[in-house]
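Data first, discussion second: the structure below is written as structure tokens.
A, B and C label the chains in the order they appear, each numbered from 1.
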Amino acid sequence: MPLVRISLMKGRPDNSGQKVGEVVYQAMLDTINMPANDHFQIITEHDSDTLSYDPAYLDIQRTPGIIVIQITLNEGRTVELKKLLYQTIAERLHSGLDVRREAIFISLVEVKKENGSFGNGIAQYA
Amino acid sequence: MPLVRISLMKGRPDNSGQKVGEVVYQAMLDTINMPANDHFQIITEHDSDTLSYDPAYLDIQRTPGIIVIQITLNEGRTVELKKLLYQTIAERLHSGLDVRREAIFISLVEVKKENGSFGNGIAQYA
Amino acid sequence: MPLVRISLMKGRPDNSGQKVGEVVYQAMLDTINMPANDHFQIITEHDSDTLSYDPAYLDIQRTPGIIVIQITLNEGRTVELKKLLYQTIAERLHSGLDVRREAIFISLVEVKKENGSFGNGIAQYA
């Protein structure tokens, strides 16, 4: 049940949000035991008036290239798996899409496995 | 404290998002003991570049008619009540608005009862 | 790790969303022991079709001036601190930006401290 919300600035190359989303999807698949094809994402594009960030919090230099990724997912992954997920997303967005590692802000929201329905009004994971 | 976020494609009939929201509100009222008039919803419209979904995950056939509903609500509902909520939303969106049952994706995020303020800077449920 | 989502109506004065965000940031700083500069916010603007609210729930009179603030933050704040946060946000939005206190809807989503990465693929708070 990952539901992924990606927020980034307008004016990037075409379908940039979708490309970021593909990388995030693949990283989840390869690190946190997410089932294949559990791929649901909502992307919003912003300008500097509607996406605010601190340019230096924790001594990380951020630019308007910031990408905010919030993932609602089933609870239970270990801290180590979460760390691996962050690292994998950051490395692949950098190597694959030339995103600065500093630009990648990730937030996880954990929910119970019965908290999702993928269609037909059924709690498929309950 | 349900706060409902509904994401769906542009180009539907007028006020489609609101109509979906009304059905979701009424379903919560009739199934999960939500107080009457606790009705707060945020709707975002997307195109295929900004709302991504798998067309067949869990053998459910999805089309651009997909509707993603994420509800932040107070914790404590049983699994049975959550299942009833999913079923009721799906049945009523289908019968009332002709939405395909397969199109309805629901995600619940549970929070403590002191985690909301409905106005005036007060935690009304704490 | 507060990630703040602010939803409000279009047609307000310039940068109104950002000004609201600044007040929310400062209120978190002054009440819930948030580190300075932990400032990340996503603002969405709506019309009456895409931001729905009840005009009188809990006997609070709401108008299109409603502002919905949802904050994802690390778990562990006491009920008293949360109450102080709500009160401080409401008082300052009222005194500083002339927002009606009744208009301020706040929702908190709490997460574990390892659930965020502020950049570089690292879980800085884990």
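Just so it is clear, a residue touches a chain if its C-beta (ideal position, glycine included) is under 8 Å from a C-beta of that chain, and two chains touch if they have at least 3 such contacts.
Everything numeric in this text was worked out from a predicted model, so none of it was measured.
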Note whether the interface between chain B and chain C is symmetric in residue numbering, meaning over half of all numbers used appear on both sides, and answer same or different. different
So if I superpose chain A on chain C by CA, what angle comes out, to the nearest 5°? 120
The distance between the C-alpha centres of chain B and chain C, rounded to whole Å, is 21
Which chain A residues touch at least two other chains? 44, 109
Chain A residues touching chain B - in the complex, by the definition given at the top: 1, 3, 15, 17-18, 21, 35, 37-45, 72, 109, 111-112, 114-124, 126
Touching residues (chain side chain C, partner chain B) in the complex: 7, 44, 46, 49-54, 56-58, 60, 62, 68, 70, 79, 82-83, 86-91, 101-110
